[in-house]
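Below: one structure, written as structure tokens.
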Amino acid sequence: MNPDNPKMGFFETIANIDRRVIFLFIGFAVIIPVLLSFSCTEEATPIVQAVYDEIESLPEGSKVLISFDYGPSTVPEVQPMIDALLRHSCEKNLKMYMMALWGTGHNLISESMQDIIEKEFPHKIYGVDYVNLGYKAGNQGLINVILTDMKKMYTTDARGSEIDAVPMMVDIRNLKSFDLILSMGGGFPGIKEWVLFGGDPGNIPVAGGATAVSAPLLYPYYPRQLLGLLGGIKGAAEYESALIKGYPKFKTHSHPAIDMMGPQTVAHIVIVFFIVIGNITFFIGRKREEGEKREGGVIK
Amino acid sequence: MKAFSYSFTFYCLLGLILLATTDGLAQVESSDSLLSPLLPPSEVIAEDHPGDAGAAIIVRWKLSPDEDRGVTGYEIVRSTSPTGEFSSIGFAAAGSNRYVDANTEDSLTYYYKVLAIDVDKNVSESELSPPARSSPQWFNFHLLNLLIIGGLICGAVIYFIAHAKKGKKLFLRKIAGLEAVDEAIGRATEMGRPILFIPGILDMDDVQTIAAITILGRVAKTIAQYDTKLNVPTSRSIVMSTAMETVKEAYISAGRADAYSDDFVHYVTDEQFGYVAAVNGIMVRERPATCFYIGAFFAESLIMAETGNAIGAIQIAGTAMPAQLPFFVAACDYTLIGEELFAASAYLSGEPKQLGSLKGQDVGKIIAMSAIVIGALLETFFAISGSSFFGSLAELVHKLFSIVAS
Amino acid sequence: MRKDLVWLFAGILFFGLLYLLNWGVKAISTDLLVWIGAFLTLAILSFLYQDNAFYKFAEHLFVGVSAAYWMCMGFWNTLVPNLIAKLHPPIVKGVLPAIAEKPPEYWYIIPAALGIMFLMRLSPKAPWISRWALAFIVGTTTGLNLVRYLRSDFLGQIKSTLIPVIVVENGSLSVGGSFSNIVIVVGVLCGLIYFFFSKEHKGLFGVASRVGIYILMITFGASFGYTVMARISLLVGRMRFLLGDWMGLLQ
Amino acid sequence: MRRQIPVVITFIVGSVLIISVFIPHKPFGQLGENFSVYFDIIAVFAFILGAGNLLRVHGNRIYKKHKDWPYSVVTVAGFTVMMIAGLFKIGGSPGITGDLTEPGSMFEDLYMYVFTPLMATMFALLAFYVASASHRAFRAKNKEATVLLLAAFVILLGRTPFGVELTSWLPDPLSFLEIPNLASWIMSVPNMAGQRAIMVGIALGVIAMALRVILGVERTYLGADSE
């Protein structure tokens, strides 16, 4: 602080504000709306609508491979997408093949099966309408293998049954047996690997959901190599809205993404505010510096 | 080479003709009568799927003339004898006229039928396809374009590597992040603080990690000349083992085998965030003066770079993960962007052979740029004039950069 | 250490206050496991203020547990089914009965040999053998990736850029569409020029390279801005856990 | 000789894999996938080196009474408990024949209640860091930084209702200037162009580096520099 010029000191303080003050603001920007259950409404953008429309257009009994390529750390972002997609697929009577490229995805499959399919669609039969293929190591290498031979890697399902004893697996030979691949996650391995090693070489439609951080990176693949994409919690909220629009009965079900948009919006505004403040103080600071330099006889 | 390019052109033209004929097939006149029974698809053809390891047959058909009158899709059935029992193998959506049966035995002969299904679940069956058998091939002609373009680029790289051996001096532009390496190491020495090197969080099966290890080797050689501590936490066992070997050799070749310690490189955990938690701890407790983040990074990029920023370290980052580049650019002093990461080890080595390969990369860029300019121009002429001549030329360029194998 | 305790106290006070303010919604969790989760969550969050004993504890626990987690995963999901069960299926009868009946596949002896070679690093006599395994790994990585990147990132991206720079829609010129396509084509070209190594960035080339930098900066700014929301959603998830599952303050 | 063999191995493996892409016939067509499987198996073997190193580093700290040695005890204890829980599949109904992550098993419980909150919270720290980084980095210091700032700002605004309201008064012919439209244009046009240039560059970088390694020009990773 400069005692001779308290005003300048003020701007300097703001410009070089302790990061912990920003942290505090962000903390409150999230806690308060969460406590007050503040929420916003969403409209589906074309890239999200494309995924919805594709599932909507699949005939009954089509085979959809859903890859759980995420971990607990991205559950808040990705789980709402999975829930909405599973509901939609169940409603359309599609066959759901669930697998994971991430070790952490393994448990998430069982949880999703319990929470959505078993609870909300009790008439669906394991092994006929849906199957848990579990996690296999190998990342893109795994995709590479199952592109030509699925059963080389999947000798059993996640429950330990011999793979050919699972009715819906009998006519599956490799990735090309599927009508649609949905990769959920966006990290590595994820959608990019599915496009590069599965969709492109096998000519199989790939769509998916990604964390918002990886979504921009996947834009170049859309729409030719990637059918559509749910980007981040906003994408999930849009899909939830589209689903409720198409099937109003889902309105009473949980829609965590829509709920989550509230706190995010507030925190977003706080960040925008800090960027604006940062720039204003930066310019005032620079003006002052220039002024001082002139006084000192140095003109730059 | 000339003969090769002629045959390539021939192949492309052949492809165009094929494409045109299949398009022709797709155009079907709709029937007026609503009362007539559902008409089946016709001209069902089954052939070995080309360019694969066998076990696949491609089935094509002419769409049902009732396509516009509520056909919802096609069911494909097959049998191993023309009179035997046919079983369903899959469905194709309305409007599609091909299906790949990727579930065949090379030793068997198959017969196919295609069934049109309409909204009322009426089914109408096509004639039997001629017999078909799948077989493996020795060359995948679908990848011919890949071979040609890949050959050109690799050829250019190899040519310039070979050429550089003759010792011709090459101009190379400066990369700020690499210019700063020596200064950053010097600063750590002056301050008596360690240098932190993070080789990314992926294993050796990612090329970025290999690039990171080669850069680590070069950087360690410089560090060896100072009495500065190096700290390399790794998140993979193979990377740990390789990095240890590389750093050790760097110290030996710098003549400082005495200064090397096995503690420089250590394994933390394979878990991304466990690794970051530990790296954050190292940063705030050891206060490195210089941090290198080189390799493949994910969400942890910003956690590390912000913590590094808070402790006032000079930060040099390099990654080919486009999603993480913005964070490094925002929070680090220098960032090697994508291609620069792979060029860095060549730059730092200063060996003519290595530098030569960079010129080869530039040739690759020229190929890319010319293709884009030519392709875009042809597309533009086609869009304005609608002339089929430009259309087919543009299609040819598209085919050259096509990536779908089947 | 004493300072850390002050912060612990302040934290308890803060959450206690929240609890009191919302008294009656739901009771605080009585599940010990939820309390452990809440403690670890707060321990990590405390790093935002400064390094402290709780963070150190959480960090060291995390390292130990997660390293073992992935090793067990590797053992049960890769080594047992994909190596041991392939070489000698009867061994896994006790653990994976479903695949114990399959015929052995002896060529899996190759990865086993490579794995052992890699471990030869520990041998005092022939540590150099581990380099053979390493050479195999590096050869595999480079060979596979060369073609992959050539295919999807080189061919694929170029193909997507083969677009007309003048867009005609329904027989008339589309100004917006043409402008967008021009930006894409010029942007990709200038971006590539920025990466040129062996030519000085001067004159026209230098101008193009400057445009390239601006395009890259737009890309970085846009990706950064797009990500912000996602990062916040993660925090929302943790706060819902703390305020809901643990404190019982949410419906 | 000892230095030559690894270089030869890399050369053979690398070039065979490149060629095999074009040969679908057995055994070439499967080489890539088989070698990927091999890598995973080697990685599991290498865990022995990683675990050994982790225990050595923390063991040393405990032994030498390093400043933070009690925390090293936490690491070693956490590692040992999780390892035993996982390798012997302790708890959970079917025991050793069951799934590693069987609900109710000790491994799964540790994962759910220790691993998960730690991982998710570590990740959640990003919400704070992204704010402090944008406050510091998004300043119009020079032309490049200004462009970065503007792009980020439009995208940020486009994702808040506030930003949508800000420009909704614009007349129809100028609707393309509305912030949400501008944001999606930036994402799908200049952002895409930049991503593409980066990706094409990366592809070339990978190709050239792979060739340097396969041809043995680059062999730092083998520690061959000293010869």
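Chains here go by letter, A, B, C and D, matching the order in which they are written, and residues are numbered from 1 within each.
Going forward, a contact is a pair of C-beta atoms (placed from the backbone, for glycine too) under 8 Å apart; a residue touches a chain by one contact, two chains touch by 3 or more.
Predicted, not measured: the structure shown is a model, and the values here were computed from it.
Shared contact partners of subunit B and subunit C comprise A, D. Top-ranked chain pair, ordered by C-beta pairs in contact, is C-D. Comparing the centres of all chains, each the average of its CA atoms, the largest separation from subunit B belongs to A. We define each chain's centre as the mean of its Cα atoms; on that basis subunit C and subunit D are separated by 4 Å. Note: centroid distance subunit A to subunit B, computed from Cα atoms, is 22 Å. Each chain gets one centre point, the mean of its Cα atoms, and the points for subunit A and subunit D are 16 Å apart.
Counting partner chains per residue, subunit C has residues 44, 47-48, 56, 58-59, 62-67, 69-71, 73-74, 77-78, 82, 96-97, 118, 121, 131, 134, 137-138, 140-142, 145-147, 149-152, 154, 156-158, 160-161, 185, 188, 192, 195, 216, 219-224, 226-229, 231-232, 234-235, 237 touching two or more of them. Taken residue by residue, subunit B touches two or more other chains at 53, 146, 150, 153-154, 204-205, 207, 210, 238, 241-242, 245, 267-271, 273-274, 277, 285, 299, 322-323, 325, 327, 329-330, 337-340, 343, 358, 361, 364-365, 368, 403, whereas all remaining positions touch fewer.
Multi-chain contact residues of subunit A (touching two or more other chains): 19, 23, 26, 30, 73-76, 137-139, 141, 148, 160, 200, 213, 216-217, 220, 234, 267-268, 271. Across the complex, subunit B is touched by residues 19, 57-59, 61-62, 73, 139, 141, 148, 171, 173-174, 176-177, 179, 187-188, 200-203, 213-214, 216-217 of subunit A.
Across the interface of their complex, subunit A is touched by residues 18, 22, 48-49, 70, 73-74, 77-78, 81-82, 96-99, 102, 148, 151-152, 156-157, 160, 222-223, 226-237, 239-240, 243, 249-251 of subunit C. Across the interface of their complex, subunit C is touched by residues 20, 23, 26, 30-31, 34-35, 37, 73-77, 103, 135-138, 155-156, 160-162, 195-197, 200, 211-213, 215-217, 220-221, 224-225, 231-234, 260, 263-264, 267-268, 271 of subunit A. Chain contact summary for the complex, subunit C toward subunit D: residues 33-34, 36-38, 40-41, 44-45, 47-48, 56-79, 82-83, 94-97, 108, 110-112, 114-116, 118-119, 121-122, 128, 131-147, 149-150, 153-154, 157-158, 160-161, 176, 180, 183-188, 190-192, 194-195, 212-229, 231-232, 234-235, 237-238, 241.
By the touch criterion given at the top, residues 29-30, 32-33, 36-37, 39-40, 97, 99, 101, 103, 108, 111-112, 115-116, 119-120, 122-123, 127-128, 130-132, 134-136, 138-141, 149, 152-153, 156-157, 159-162, 184, 187-188, 191-192, 195-196, 199 of subunit D touch subunit A in their complex.
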